[in-house]
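The next part holds the structures, each set out as structure tokens.
Consider the two complexes below, in which chain A is the common component and chain B and chain C are the respective partners.
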Partner chain A sequence: MFAFLIYILTLICIYSIIVMSLNLAMGYTGLVNFGHIGLLGVGAYTSAILTTKFDVSFIFAITFAAILCALIGALLSIPSRKIKDDYFALLTLGFLFVSGAVFINWTDMTRGTLGIRGIVRPEGFAEPISFFVLTFIMSLVTFFILEKVTNSPFGRVLEAIRDDEQVAESLGKNIDRAKMVAMTLSGFFVGIAGVFMAHFIRFINPASFWLDPLVISLAAVVIGGLASLRGSILGVILVFTISESLRFLSLPSTMIGPMRVILFMIVLLVVILFRPKGIIGRADLD
Partner chain B sequence: MLKLQNISKSFGGVQAVKNCSFEIEKNSITALVGPNGAGKTTVFNLVSGFSNPDKGDIFFENKKLNHLPIWKRSRLGISRTFQLSRMFRNLSIEDNLLIALREDDDKFLKMFLRDVEGDKQEKNRIYEIMDFVGLKKDPKTIVTDLSYGQQKLFDLSRALLNSHEFLMLDEPVAGVNPILRDTFKKLLKELKAKGETILLIEHDMDFVRHVADTVIVMDQGSVLAEGDPEYIFSDKKVLEAYLGTTV
Partner chain C sequence: MWIIAQIFINAIIAGSVYALVASGLTFIYATSRIFHLAHGVVILFGAYIFHFVWVEQGLSPALGVLFSILGSVAIGLLMNELVYEQQRKRHAKRLAYLISTIALLMLGTSSIILIFNTSLKSFNIQTTVYRFDQLNITLMQIILIVISCFLLLILSAVVKYTKFGKAMRATSDNDEVASIMGINTRQIRRLSFGIGSLLAAVAGILIGLEFNIDPNMGVYLAIKGFTAMVIGGVGSIGGAIFGAFLVGFFEQIAVWYFGAGWKNSIAFVLLFFFLLLRPRGIFGLKRFR
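== the complex of A and B ==
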């Protein structure tokens, strides 16, 4: 039971980083980025390949993966100059499909659908409890950095962009640069989360970075609340509580998966209908 | 200060602005009037960069504005309001106005330089402007809680706080009550006395007559007449454009 608890807590910490960084782009800046999970995969695969094939250190791998994801995040922000709202979301969904195709087809590096096994945890953090502590510290660091960003005047500009980017620009704000910074930071942190995910599970394959984590992340952002980092963490805790509590019901294993989806949808519907800003969000879904 | 030279703009098959030329002098209030669809708001959008002219040039303080992005035009000193209030609807009045007041908050690295004294001064400046325009509301109020009239005052506050040389007000008194309209008259006169240069769009001719130094009448995308209010409101062409017949 204790081992299971540590497993869930570690996942909650990793998903907190994923969801907080998604909230920076989506909740604060208004850039709905379905490609976020593609970036998570890029971070995970980069670290897995570097540590298993090239035998580099965890520190080097995490730094490289985070910078690579930050750069891809910056590149993804460029089309947002011309492509707005739902169309931008569709474009980023395209990135998720492209990244998935790369994970499947670049078999020399990714081993395709077989995935990469034997990813080791960093030295000194091999035990689940110590790895959990490391993940917890990383999620705290992410929280404090993003809290600093979002509570700053720069964070206020991001929120202005979300609410009406033309008006923000008419007040002299270089909105393209601000959006690029938001997407870069978002990419940087989800890249780090990807690395932690790979070294935690110790096995990754293309299915690890497909629609399931995307649905979990989006549900957590919406339930916890847009433009709230605390809401993101609360959303992740609620999503995992709902999801994992089903294990303790005496249901056939074939029913647990569909039941999870049904429960997510019910909670999402209730939140959207009765608290459009999420539980502790600061912006609505309009 | 502002010069439009033979500006034209079409949207599909509709020619919204056709060979439009006029100049705005410093420290003056100019009213842009004309029937609906005359091209007034299109002119505002062309000057502030929300769209670009198909033909012609726009100069601001002798600098050509064509194809400059919106934010660069704002930094040159052009500040505007909108026909219908456009606010950062999830933020408070204070946050909305701080965004207008701050000039370097879109620079990420600046956020690490905290200036407590500067923050206090900025907030005081906001309260000062709210007081000046008569926006009596708790600054922490979410902007969507403002009434229609308060939104108009908020629009003016934001345009004033945005660092500017030139104010463009799109129908500042449309739909407001007579008391607030009189407040606006007084405010605009005070602003002019302080050295402001203002271009406004307005349908309320009594308001225009009271505040404007110059009136530019547009019809079907072109300038129909230009001059002081008394001359303009006795011009047959203008009355025809407005009323469809000569009086």
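== the complex of A and C ==
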């Protein structure tokens, strides 16, 4: 029971990083990035390949993966200059599909659908409890950095871009650069989350970075509330409470996955329809 | 040389299914301004109901077609009524529609997995193969192309010549003015969701007969239909049909050149280039035709 609790808590911490960084792009800047989970996958695969194939240290792998994801995040922000709102969202969904195809088809590196096994935890953190502490510290660091960023004048520029891009621009703000910085930061942290995910579960395959984690993160962001980091953490905790309470229904294991998604989506739809601000969100989908 | 011709034939087969999907999406977009990605789920339900009635229950295929169309139309209308219309009342942003359509898409896909499980379903239909030198085309594929073309022709005629078509074009141009002029725009939206879902059911049936059906295809079909719509120029049915064939063609090229694993990403590559270089699409019309 204790081991299970630690397992869930570690997952919650990892997902908090994912969802907070998604919120930076989606809730604060108004860039709905469906490719977020693709970036998570890039981070996880980069670190997994580096540590299992090239025997590099965890520190090097995490740095490399985070910088790579930050770069891709910056690149993803470039089309947002021309392609707005829902078109941008669908374009980033394209990034998820393309990265998924790369994970499946670049078999020399990713071993295709077999996935990568035998990813080891960093030295000194092999025990679940110590790895949990490491993850917890990382999610706290993420929270404080993002809190600092979003409460700064720069954070207010981001929110101005979300509310009205033209107004922000007419006030002399460099919106292209601000968007790029936001997406870079978002990519950086989700890359870190990907590395933690890979080294925590110790096995990754293309299905780990497909639509299911995307809808879990989307549900958590919207339920918790856009433009609120505390809301994101709350959303993650809520989503995991829902999903883990399904275990007590003793459903057959093949039913749990789809049941989970159905539940999340129903909750997500109810929130969108009846409380578009989410629990403690400050921005609105309406 | 014959491989190019075979790619063309395969592209036309795939394209005629995508054309049904894309024109359904265009119908819905024209009156409601929603990128109805959950359309993929409507197609899935059409295909699975048809398979269930005909293969699993052993009833007649005609009954299968009937139930599949009724089921799909009901699901399409329910999605519109329970989700989109509620959001419309709140004047939701377009992004809110996008998130709810993705929620519906995943909800529907997971329900299909729950009801029918993930295994591949096929109809095992025996069909005559016509060979011309090295080219192959089956009777089934010819029927598929004919049905699709026939439906699309009827559809264009409806939009062009009927009173309903006129009301629909008016709603598409400007729904506020249309409703001032006495057009019940909510009713028009319902009708277009109904027609779109009917097309989706037919697409689902044809896909089931020609290829296999599995729960993941809903997402891909929705994306390909959407890409076809953007390529052709959002809001133009002729454009959507043209875009569908273009998606089918590039997809076959990708399968031939890079391998089948990349088949489902090619639509996004097309989408990316079109959004970046020609966001209005090939036929860049402003109005719904």
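Operating definition for what follows: the second predicted complex is superposed on the first by the 282 of 286 C-alpha atoms of A that agree within 3 Å, B and C clash if a C-alpha of one lies under 4 Å from a C-alpha of the other, contacts with A are read in each partner's own complex, and residues count from 1 in each chain.
Throughout what follows, contacts are C-beta pairs under 8 Å (C-beta built on N, C-alpha and C of every residue); 3 or more make two chains touch, one makes a residue touch a chain.
Keep in mind it's a predicted model, so treat the numbers as computed, not measured.
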Based on the superposed arrangement, let me know which partner A:M265 touches: chain B (first), chain C (second), both, or neither?
second
Using the superposition on chain A described above, determine whether A:S152 touches chain B (first), chain C (second), both, or neither.
first
Is A:V98 touching the first partner chain B, the second partner chain C, both, or neither of them?
second
Comparing chain B against chain C, which has contacts with more of the residues in chain A?
C
Figure out whether A:N174 sits in contact with chain B (first) or chain C (second), or with both, or with neither.
first
Does the superposition put A:D164 against chain B (first), chain C (second), both, or neither?
first
Once the shared chain is lined up, is A:E127 touching chain B (first), chain C (second), both, or neither of them?
neither
Does any part of chain A touch chain B in one structure and chain C in the other, and if so which residues?
none
If you look only at chain A, which of its residues touch chain B in the complex?
148-149, 152-157, 159-160, 162-164, 166-175, 177-178, 181, 227, 282-284
Hey, which residues of chain A end up touching chain C in the complex?
32, 34, 79, 82-83, 85-87, 89-91, 93-95, 97-98, 100-101, 104-105, 211, 215, 218-219, 222, 254-255, 257-259, 261-262, 265-266, 268-269, 272-273, 276, 285-286
Touching residues (chain side chain C, partner chain A) in the complex:
35, 83, 86-87, 90-100, 102-104, 106-107, 109-111, 113-114, 117, 219, 223, 226, 259, 261-262, 264-265, 268-269, 271-272, 275-276, 279
Where on chain B is chain A touching in the complex?
48-50, 69-71, 74-75, 79-80, 82, 86-91, 95-96, 98-100, 102-103, 105-108, 110-111, 158, 162-163
